[in-house]
Structures are given as C-alpha cells and as structure tokens.
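In the two complexes that follow, chain A is the common piece, with chain B as its partner first and chain C second.
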Partner chain A sequence: MHDLRPITALGADARREDAVGALTLTERPDIALASVAARLGREGEARDRLRAVIGAVPGPGEVQLHDPEAGFWIGPDQWMVGAPFDTHEDLAARLKARFGDTASITEQTDAWTCFDLRGAEVEDALELLCNLDVRRMETGSARPTVIHHLRCFVTRRDPPDWFRVVGPRASADTLHHAILDAMRSVA
Partner chain B sequence: MLIDHPLLGPRDASEFVYLGDASLIDRPDWQADDAARAFHDYAYLRDNPAGPHRELWFHEGGDRSWLVVTRDTTTHEITDVRLARDVALERRRSS
Partner chain C sequence: MNTHSRIDPASVPDPKQSNRLAGGRVDHSTVLTFSFDGKRYRGHPGDTLASALLANGVRLMGRSFKYHRPRGPLTAGSEEPNALVELRTGARREPNTRATTIELYDGLTARSQNAWPSLKLDAMAVNDRLSPFLTAGFYYKTFMWPAAFWEKLYEPVIRRAAGLGSLSGRPDPDDYDKGFRHCDLLVIGAGPAGLLAALTAGRAGADVILADEDFTPGGRLLSERFVIDDGAADGWAARTVAELASLPNVRLMPRSTVIGAFDHGVYGVVERVSDHLPEPLPGKPRQILWRVTAKRAILAAGATERPIAFDDNDRPGIMMASALRTYANRYAATPAGRVAVFTCNDDGHRTAADLHAKGVRIAAVIDTRDDAPRSPDYEVLRGAQVAGTRGRLGLTFVTVRQADGTERVLEVGALGMAGGWNPNVHLTCHQRGRPVWNDRLAAFVPGALPPGMAVAGAANGALSTHGALSQGAETAIAACADLGRPTNAAPLPKAEDAPVTQTPFWHVTGCKRAWLDQQNDVTVKDVTLAHQEGFRAVEHLKRYTTLGMATDQGKTSNMAGLAIMAELTAKTIPGVGTTMFRPPYTPVPIATFAGRIKGRAFHPTRLTPSHHWAKERGAVFVEVGDWMRAQYFPREGETHWRQSVDREVTATRNGVGVCDCTTLGKIDVQGTDAASFLNLVYANGFAKLAVGRVRYGLMLREDGIAMDDGTAARMADDHFVVTTTTANAGRVFRHMEFVRQCLVPEMDVQLISTTEAWAQYAVAGPNSRDLLRRVVDPDIDLSNDAFPFMACAEVTVCGSLRARLFRISFSGELAYELAVPARYGDAMMRRLMDVGADLGVTPYGTEALGVMRIEKGHAAGNELNGTTTAANLGLGRMVSKKKDAIGSVLSERGGMNEPDDLRLIGLCPVDADARITAGGHLMARDGPVDAKHDQGYVTSAALSPTLGHMVGLAFLKRGADRMGERMRLVSPLTDLTVEVEVCSPHFVDPEGGRQRA
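For the complex of A and B:
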C-alpha cells in the first residue's frame, strides 16, 4: 500500500510563513486553481458561464474577488479560477461540468504556487520585484508580470495592503527567496 | 524600449520574445501544388527593410499573446501594435 503524504510547493508539511518587519509572506497551499479558455466561436457562451460561476467576467487587468470561486484574467478569452482546496480539490472537473464544450478547462493547482504578501510597505517590496506600477493598482487589479525571471501574476486584494503573487510551482523556492530578499530590503 | 500592448498598456520589451517578420502568419497551404516552393519562400526569404517593419512579438512575461508590432528598424519607433489573433482572424474573414 502506498503511504503518501502531501507536501507544499516549498516541500514542507505545513505552509511557510515569514515575517520581516511589518511585512508578512504566507505560502498558500490551500488554493485550488484551474484555467478556463473559451473555445473559438463559443466566447459569448463561455463568458455567460463564467459570470454564473464567479459573478463577473474579469477584463484585462482585473480579478473578481468572490467566494468560493474567484477568477482573474490571464489572456484574451482566458481566465484563471481559484477556490479553496479543501472544498474544491476537484475544481477542474467541477468547472468542466459547468462550461461543457464552451471552454477548455485545465487543472492548474499543481502548476502554480501562491504567496500572500501583506503589510504597510508592500508596495515598496513589490516595486523591487517587478516593473509593475503597483501604486496605481487598486483592489481588484490583476497583472501578469515577471519576477526574478519568472512569469507571475500579481493581484491586489481587500484590504489593499494585501497582494497575492501566483508563480510557477517548479520555481517556488526561487520565487520565495526573491520575495524574501525584497522584504528584507525595505523592512 | 516600450511596447504598447493593446490590452495591458505599455510594457517593457524585456517581457517579450521576438520571432520575426509578421508575414510568418501567412503559412502556405501544404496541399497546394506548389507547396514545396511556397514553403521554401516562407521559411527562407525575408525582406530586410531599413524603416518600418511589421514583426511578431510574443508576450512571454505577460498574457502570452502574440502581437504584430510595426517598428522602424532605424529608430526603434513603434507606430502600431495589434493582437496577432485579430490580424489573423481579419485575414481569414477577408480571404
């Protein structure tokens, strides 16, 4: 019998939490992700179904903060949908049932890792990490960007001292190192 | 150099990967009688203008969309940026 135990993207049993000065960095292994790509000619139907799931259709640069499913724009007619892992481990299958053949759904939970960066100097830290104009991002903004040579998504949450960085899981340690470095530089 | 992405606004060129001449969108019909010759020209023959040039850029560090960028090769001035999917879909409609 296999005796497997789940580990986080950083290889531990529990989420990693770091605090530097007033800034906190929290690994979020408790988020399930799946991407939605509208099929050619079915974009309108796919948008209707997305609206039914997360309450809106995020345009370029937007995230729809919504429970239990939320979503942000990742490309033309493409969105990333997230939900709590505990209740939505099978998120991709559930979305497939909702979207049918109007969209292609791809499991993304194990392709990405999420970090929550919070604190008063959060903008200072993010400015060192990427070339986004983070001060002009508001709650509900979502931007693709490059952090430490890694393609990431940065979303601004509510309250606005809270940002989430979604980056490639295979480089979770590198991304974590880069964010921690920036936190030490501004704290 | 900044590329004014049609959806995401001005973005640093370091986020993009350059592919080449935008004529690569016009892939020849592989079933045509002159397919071998057409693919030879498609693969090997390029204009190399000193001036405005239409070229394909891939937004690798962003939304992964392909763009058709019109750039002056002597000044790097960018005069037009469009989503390659829109360019390709328009062509399909008009052909």
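For the complex of A and C:
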C-alpha cells in the first residue's frame, strides 16, 4: 500500500461542504470515474456488458442510478461510469476486465471534480449557472452543459432536489465559486 | 363593526404634499422620505420618483442635453426622454436614470444632472440663447478645422457642455447575475392582453413566463378607470395576477424588461432584482440578465402615446395626456391644480374627464377637430390649436389659437398632449422585420414577425380594452394549439370597445421652436434643415439631427420626425420608412451584461496539482491560458527573477530539477486502428512504433503549416498516450475528434482527454535517475538498458500507486516525466523534494523551462506560430513521403519550398555582453535597414546561464547554409543594433549524449 496522501480538487485533505440557506453544496472526491467507449463494430457487445455492470444502457440525456456502479451517456456509444472511490479506485482496470476488447476504457477519476447541490431552491440556483431546462429534467436526467465557460455534466438524482455537477478538476475552485455565488443569489 | 363610518387611511392624501390627490394605488398611510437635489420630500409606497416629486409640486426635474432647457417628465413610463436623474450616491451613483420608472423607497437620494450650479439657475442655459447657431449639423460644420483639434479640444469641450449624467468613477460594488430560463410561452407585458394570454395558456397547463417592466402588473389598467366584468379593471388585473401566481406552471417576472428578441426563440430579459431597495440584500444581485428560451412568445407591449409639436412644447408641466391620467389615477398625483389638454382624438377627453373626477380643474380641452365631443364638466375648444406657452421653469400660461383665428390665454400649470398612439412594435423588428403602415390608426403596426412570436393588444393596434383582451386570448389559444395543448373555452371578460380611429396631427404649423426629440433637443426646424441640406433618407436624418439617438431611442419622437420628413418630401410616412429597431429596448447597465464575469472571475482558472505546494514555496505564478503555472521559485536573498531562474537552470543541468508539466495536453487514444490513426494525424510515421516506446511527433494543418508538436507513447498495441503543447491542447483534441468522426469514421479509434486526470512532473538532470529510483517501486529497472531514452511504461510508485513513466527530455538532460493520478500530485511533489534533498533537487518554473529549451534548440509556441512549416523548423525530413498524412501533400506546395526559405538557426552575440531580443530582425552587416532587406527574425531569446551569454532562436533565409555568418540584429522600435553570429540552434549538448546517458 502506498503512503501518498491525496488532496481534494479544492486542495484540502477533507471534502468541502457549504450551506447557504436551505441549499447545500458538497464536494465529492469519493467517486471513481472511468469512460467507456464501444469499439467500432462491437457496440452491441459493449452495451450488453454495460447493462450487466450498471443494469441498463443510458441513452442520450440519461443517467442510470445504480449501486455500486452507475453511468451516464456522454456520446454515441460512450458512457461515464462511476463507483465509490474507496472500493473502486481501480475502476478502470475492473471495467477493462469486464469489457475486454469490446470497449476502450480510460481512467477519468481525477479528470473531474464532482459537486452535489441539494435543497429546495436547487432549480433556481442551476438556472443562474447553466442553460439547461432544469425544471424539465427528472430524476435520471443527465445533460452536458457549460458553467462559467467550463464544460460540465449535470445529473438529476433521487430525491429530485439533488443534482450532481461534474466539472473539470483543475478548475474546481472556479466552479465552486460560481456555484456558491448562485446559491447566495437564490437562498 | 361599522366600516362605513371609517375612512381608509391608505387613501387619504398627505397635506404636506401639495399636489397629492386622494385614492390611487399608493399607500397613503405609509410615508417614505426621499431627497432630490438635497431637499427632502415625502412620498408613499407605490410611487415612482417622478410621481412623488409631482405630488410635492416639483415639475422641474432636469435640463436638456444640448440647450440646457428646463424639463419635467413627459411620460409616466420607460419611454421617458426628459426626467433623467443621477440616482443614489457614492459608488452606487447611476446617471441617466428615468425618474418615471424609479420605484420610490425610503431614503432614496437623487440629483439632477447636466445643470450647473443648480437646476433652477443653470449657467449652461446660455446655449439656449445661442440656439440659432447651434442647429443640427452645427458641430460638423463649425469644428472642421484644424482636424487634429476635434479629438483634443472641440470634442472634450462640447461633451462637457452638452451631456447627461456622469459616472461615479468608482468600481460598481454590486453583483449582477446571468441566468437561463425555458418556457413554452413567454408573454411580454402584463396589460390586459398579456394578462389574459398568460391566464389562458396557464390554465391550459403550458409553462408560461409573464415578464413585465413595471413593478405592478396590470399595464394601462392601473392607469384607467375602466370596467371589466362589471368591476374596476385594476381589480380584475389583481385577481388575474393572483390566479396566475397560484398556478405552478406560471412564473411572474415583474420588474423585468424584455430587451431583445434573438434567434431561435431566445429573449433577453433584464430583471431589476434590487433596484427598488436602497442596496441589494447581502449576496443578492442587483439585476439579472436572463436568457429566456421560449417555444412561443406573445408580445403584448402596449402602445406609446405620441406628443404634438408646437412652440415651446417642452416646458415642465407639459406631458402626455395619458401620463397625466396615470399620475392622477394610479399615483394620486397631479403636476398642477389647473390643467388643459391638447388633443386630436377622443383619448384626450378621457384625461380631462378623469382629472375632473379627481378634483383637478380643467381649464379647457383644446381639440384640433371641428366636431370634437362636448362635455358638461369643462370647456372644449373645437378646431383650436396651441400657439405657444410661457413659464421659465414650469408652465404658467398656454396661448390657444381658436377656430376663428383669435387667441386666448389659459392660465394652467400642466398641459396634456394627446396625439394618438403608436403600437410598441420594437421587439417585432429585432430580427430585421419591418413594421407596416396602418391607415386607420395612422401608425405602424407589426409586419413580419420573428419565428414563434405573435402580437396582441395595443402593440398590435388593438387599442380598446376589449380588443386587447380578445387578442390576448386568441394568440394564447393559437400558441397552445401549436404546442399541442388544448385550451378550455372561457368567456371573454366584458370591457369597453370604443371604436378607435386616429387622425394624425403631428405639429402645429409655423412654429419657431417646436420640440420633437426632447432628450436630444431636436426641433421641427432641425428636420427641415436636414431636408434642405439633403439629408433626407431616414437613416441620414437620424444621424444628421441626432433624432432618436438618445437613451430613449426616440420612443416619443421618431414618428413625428418621419411624418415631418414625409411632408417635406411629399411622400407618405411608410414611403419615408423607419430606422432599425435594435436591442436593447431600454438602457441596460454594462455591468448587467458582464454579470459575474469580471475581475478575478473574468475567466476560469486552472490550477496544477502542485499549485498549493508551489504557493507554499513562494512561487511566482504566470497565466498560461487559463492555467496558473509556477514561473519561478524565488529563494531568500534573491532580488531579481533572473537570479532565481539562473539558479534553477544550473541546478537542473548539474543535479536534478522538477517541473510541473501537467498542463501539457494529454489525449488517450485507443482502438485497434489507433496506430493507423496517429500515422494519419502526425506527419512522421507511427505505425511501427514499438510498445513501450515514445516518439516525437509533428502535426501539420491541412494546408501544410505546422500545427503542434508533442509525443505519443505506445502503452499497448491498441493504446497510445499523446501529449500536446499547453496552448494547443484543446485545439489538437478538437482536430483529432474531427479527423476521427468526419475523415476516418471507418477507423476503430476512441479519444478522450486525460490532461487533468494525471499530475505529470518533468524530472530532469544528471541525478534524475537516482531520484526516481527512490520513488519508483524497486521491481522496475530504470537502468539505461532496461529503460532507455524514449522508453515508457506503466509503473508503480511509493509502494503500489499506479503511475506512468516516460523517458523524454525537453531540457536536453537525462530526463523523465512521471505521471500519477492528480489527487496524489501534491504528495508526489512533496515526496520528490523530500527524498531528493541530498541530490540537490530543485523545483523549476516555466522561465527555467524556457531557457533550457532555447539552449537545447527545441521549438515551442514562438516558433510554431502558425506561419511556419516543418522545413522552416528544420524538421522537413520528419514529413514522411512513405505515407499519407494530413498536411503532407500541401506542405510540398510551391512558395513553401523556395531556395531562400526561412530556417531555424541559433544566434550568439559577437560581444558576449550584448543583448538579443525576440522580435528583432536580421539584416546584413552593412546596407539599409528596411523591410526590403529583411533576412529573418528572432523568435526566442534568453540569457543562458550555461554559456554565460544570451542566445537566440531565429528564422533566417537559407539559415542552414549560413553557419558562422555575422549579421546585424536590429530592433528599430527599441533602438537596438547588435552584431550576432549564426550558429546551430542546439547550444547545449548538440549530439544529445546527455539525454541518452
């Protein structure tokens, strides 16, 4: 076992939690991510294996909420699969074992930072952040979008006052700042 | 309880407000205090600044732009040209704010603008006396010579004399948001048409947004004494708003002006969140710029009453007849106790009747029509016109020319003008639609509409309440049908449906000074002058006279200007045409457009995994795109960046240095065709690269120019890791995706960026292998034989952490790049520093990196500058002739392969102390210094601590054949002339022995 101590995308030992009014924002460093892209001509097999892993094949705009692995659509026959970091730090290697040559798997855990935004005014806050019709998003919706010039994915979870924002890790400070501003505006 | 004997205190006028009437929609029981020009006044919730000032007997609210004429409010709405004030104080001071739309709050402070020393005694009013000389076009004719004086002298003086408010000069302390909303139906305007449209669609279950610029929804219904369904119209409006508020699918946006109609059903909406408060609540924005995406929109923006031009029609107290009605009925205020109305239609009589009912004395209704209706309550002067007015700081007398030619003087403090109504077509024209002329109304009505928009009510020329209600319902039913939502038939509310025919009457003839555009001081005569001088096209008229160019965009003046030009040119008004209507509909602070994108948040920042560690070490950072990179790490005692950089270079070349190079783009390329794919995008060959090896690669653009360079490491048969330069990371990824999806969709290849996933550190210098041996797990053999130059491998470090190791060198030293998952990057850097102390490990920044790459002769952004070819870079042989690659064919074009082409060379100064500067040009030792004799240019230069003098990289014609030649390096801009010698660009270890050691 190695002895290197990780830091979060916001540069701390522990995850950052903020509350403004009834809204909470929680950094989620405890999520491992890996991308799955079907190999050409092997799409059917890749989908079958994805279904075996997360229980369904999310289509465009969809996230499959599932334990321990979950996943959302990021492009034609491409998905982002997530799982608890503590148990799945080696998620990419595990998926490679499950998918074999049917898909290309790439570790994405530290390419992204995840924030959970929850509370009654969550839709109001997201309206200030991204050009998504968040009120029409339901539990299980996943959308690519841009927040403060940053490419992000927004998913709506269960219960529906819970959204997850997945954005670029190196810009975690910027993203966090933007979300906090929006929270203060609507709280 | 006997309620009949009690008087509602909320409707009793305050005796301290001389012109406050009873009733209205203000809360008389609550007193708000405010100040204007330092004097304190009282008003009530529900007032605007203008209504409160009028209630206090104040008519004079500003001075005009050019002639400094005393002015009061002309209107009661956002179309106001005159009553502009500086609102608030200190950093929140905002100039050119319309008193007619400022919602009164306790403690409000406003000052008049464009007047000195005071509003009542304005020295610059001398301009008014000089007005015969200051006509339209005066500036253009008078200040033509000498030309240089315009910018330096004339314009500043003129701007000081003729201006509106001034900025505070201090940073805006408030925050502004931008947001996005989506709906089925956007209803613009909450008058009768808009309210019923929103209600109809809301009841049908559509997602509706109702945006209205006023702080109270209701539109004209708040200003009139109409009846709807046997009850007061404002009561119907309030009930409708209450029902709308109860519908979860309807969102009401009061204080929200729709400023523009853009492509794809996108509307810009400015919501004034905090403007009715002394200052925004903590954390709250002052305003929000919403981008509303609507499947359908109904424009119910109402209409603007048009004035009539006559001599001295701009005195405070002269205003639109509808504004008089609004002030009396809604705000319980009147500019004077005795008023007259000048009208050419029945609407003016409505004002007289309403004011009479409020106890205001009506001196007369002056009606241009011979058959004007009579009234038992006041005198009607048929076939009469206003011939002139008097009153220095406010209206005192009106001279009327009666039908029989006699003149009669009326003593009044206010005069209402009723010239008919113009539909507010502005938003229908934002996508270049043109309004069409309607003869019955003698007005422009909407023509071709933006896709998805319908128009209802007065904005569409339906000027009766019934017309507004029925069109509101009809357009909503149609919109719902389009959206597949059936509507339940509901009976239309009953309302007045007086037939509306407007007889145009634009101006009284033979006037000396009849004002059209009161904000820009444009008179009827100015339009005549424009015509005389040939500026007859409507756009020329506008520029020549500045008609409609002020902050009100000519909402009350453009039509009359067009009408007068039509008379002069013997054309019809539609024949003259209209100028373009452009967003924004009303003025918007620049800060609202900026939103949160300002100051430090102007663009996102990207932090490297070692950022926090570097900050602790006192690193100086530099912005590289969005990245913050450590530029150098000053140590105690170092007083100049050069000392730090020299030390870092020397320590690396003699021991070992570590640099965070995470910012280089990393692209994961997988698939059975990955090698073939890279063989296509790189000019040099990649098909045969062995697993476990790295190759330097050069990408060309389609046109053969060098695009980017980097490396590709083959981790497995079907897996490569490509690196790009920091600057081109996004561009190269996009290019590769384009190639994958569009050029070779038949290839099995998958791409994804991993730039931020891995913390990557360059470990360079003769001690680098020893340092790495202390962190890389011992089962991995790092010997030169097992892990030679350009090797790569997946390894583990520090006891099993997955990592990647590449033996590549940018510095020319024995060097590696070590990558670990980003979250461990901070710890990895600290570990390298800890375990390498005895090896002299030194962190180095981008400056030292730059010095070492120049010493080694590696091209970077300065050389890959978008104009250079592989041959220019001395890399011509990398462009493989054995295969097809993007750009390889066009790189062989004539013109890019001439005998005297530029070649990358090195430069050393002949005098070791002399400077070499990037951007300098190379000339022959003797002869002229000009572009014609230019031989090349310097791209990069640095002081080499290794060599003890400056070195440079340059592009020189036939450079490869000119080694040892002496030339002049000149920089006329910096007055530099240096003798230099052409040499190989590889100053340090040209044979490459060190990196292979």
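Quick notes on this one:
Just so we're on the same page, the second predicted complex is superposed on the first by the 184 of 187 C-alpha atoms of A that agree within 3 Å, B and C clash if a C-alpha of one lies under 4 Å from a C-alpha of the other, contacts with A are read in each partner's own complex, and residues count from 1 in each chain.
In this text, a residue touches a chain if its C-beta (ideal position, glycine included) is under 8 Å from a C-beta of that chain, and two chains touch if they have at least 3 such contacts.
Everything numeric in this text was worked out from a predicted model, so none of it was measured.
Of the two partner chains placed around the shared chain by superposition, chain C is the only one that A:E127 touches, whereas chain B remains out of contact.
Look at A:G61: by the touch rule set out above, it reaches chain B but stays clear of chain C. Of the two partner chains, neither chain B nor chain C is touched by A:D158.
Once the two complexes are laid over each other on the shared chain, residue contacts for A:A178 go to chain C alone; chain B is not touched. Applying the stated contact rule after C-alpha superposition, one finds that A:R143 touches chain B and leaves chain C untouched. After overlaying the two complexes on the shared chain, residue contacts for A:T109 are found with chain C alone; chain B is out of touch. Once chain A of one complex is fitted onto chain A of the other, the partner contacts of A:D30 are absent, as it touches neither chain B nor chain C.
After superposition on the shared chain, chain A has more residues touched by C, the comparison being chain B against chain C.
In the superposed model, A:E17 lies in contact with neither chain B nor chain C. Under the contact criterion defined above, the residues of chain A that touch both chain B in one complex and chain C in the other are 78, 131. By the touch criterion given at the top, residues 60-61, 73-76, 78, 131, 143-146, 151 of chain A touch chain B in their complex.
Residues 7-8, 12, 14-15, 59-65, 83, 85 of chain B touch chain A in their complex.
Put simply, chain C touches chain A in their complex at residues 175, 177-182, 207, 282-285, 288, 291, 293, 596-597, 601, 603-608, 611-612, 626-627, 662, 668, 670-673, 718-719, 746-750, 752-758, 796-802, 820-824, 826-828, 831. Per the touch definition, chain A reaches chain C in the complex via residues 1-9, 11, 20, 29, 35, 37, 39-41, 78, 90, 101, 104, 106-112, 127-128, 130-133, 135-136, 148-150, 168-175, 177-178, 181-182, 184-185, 187.
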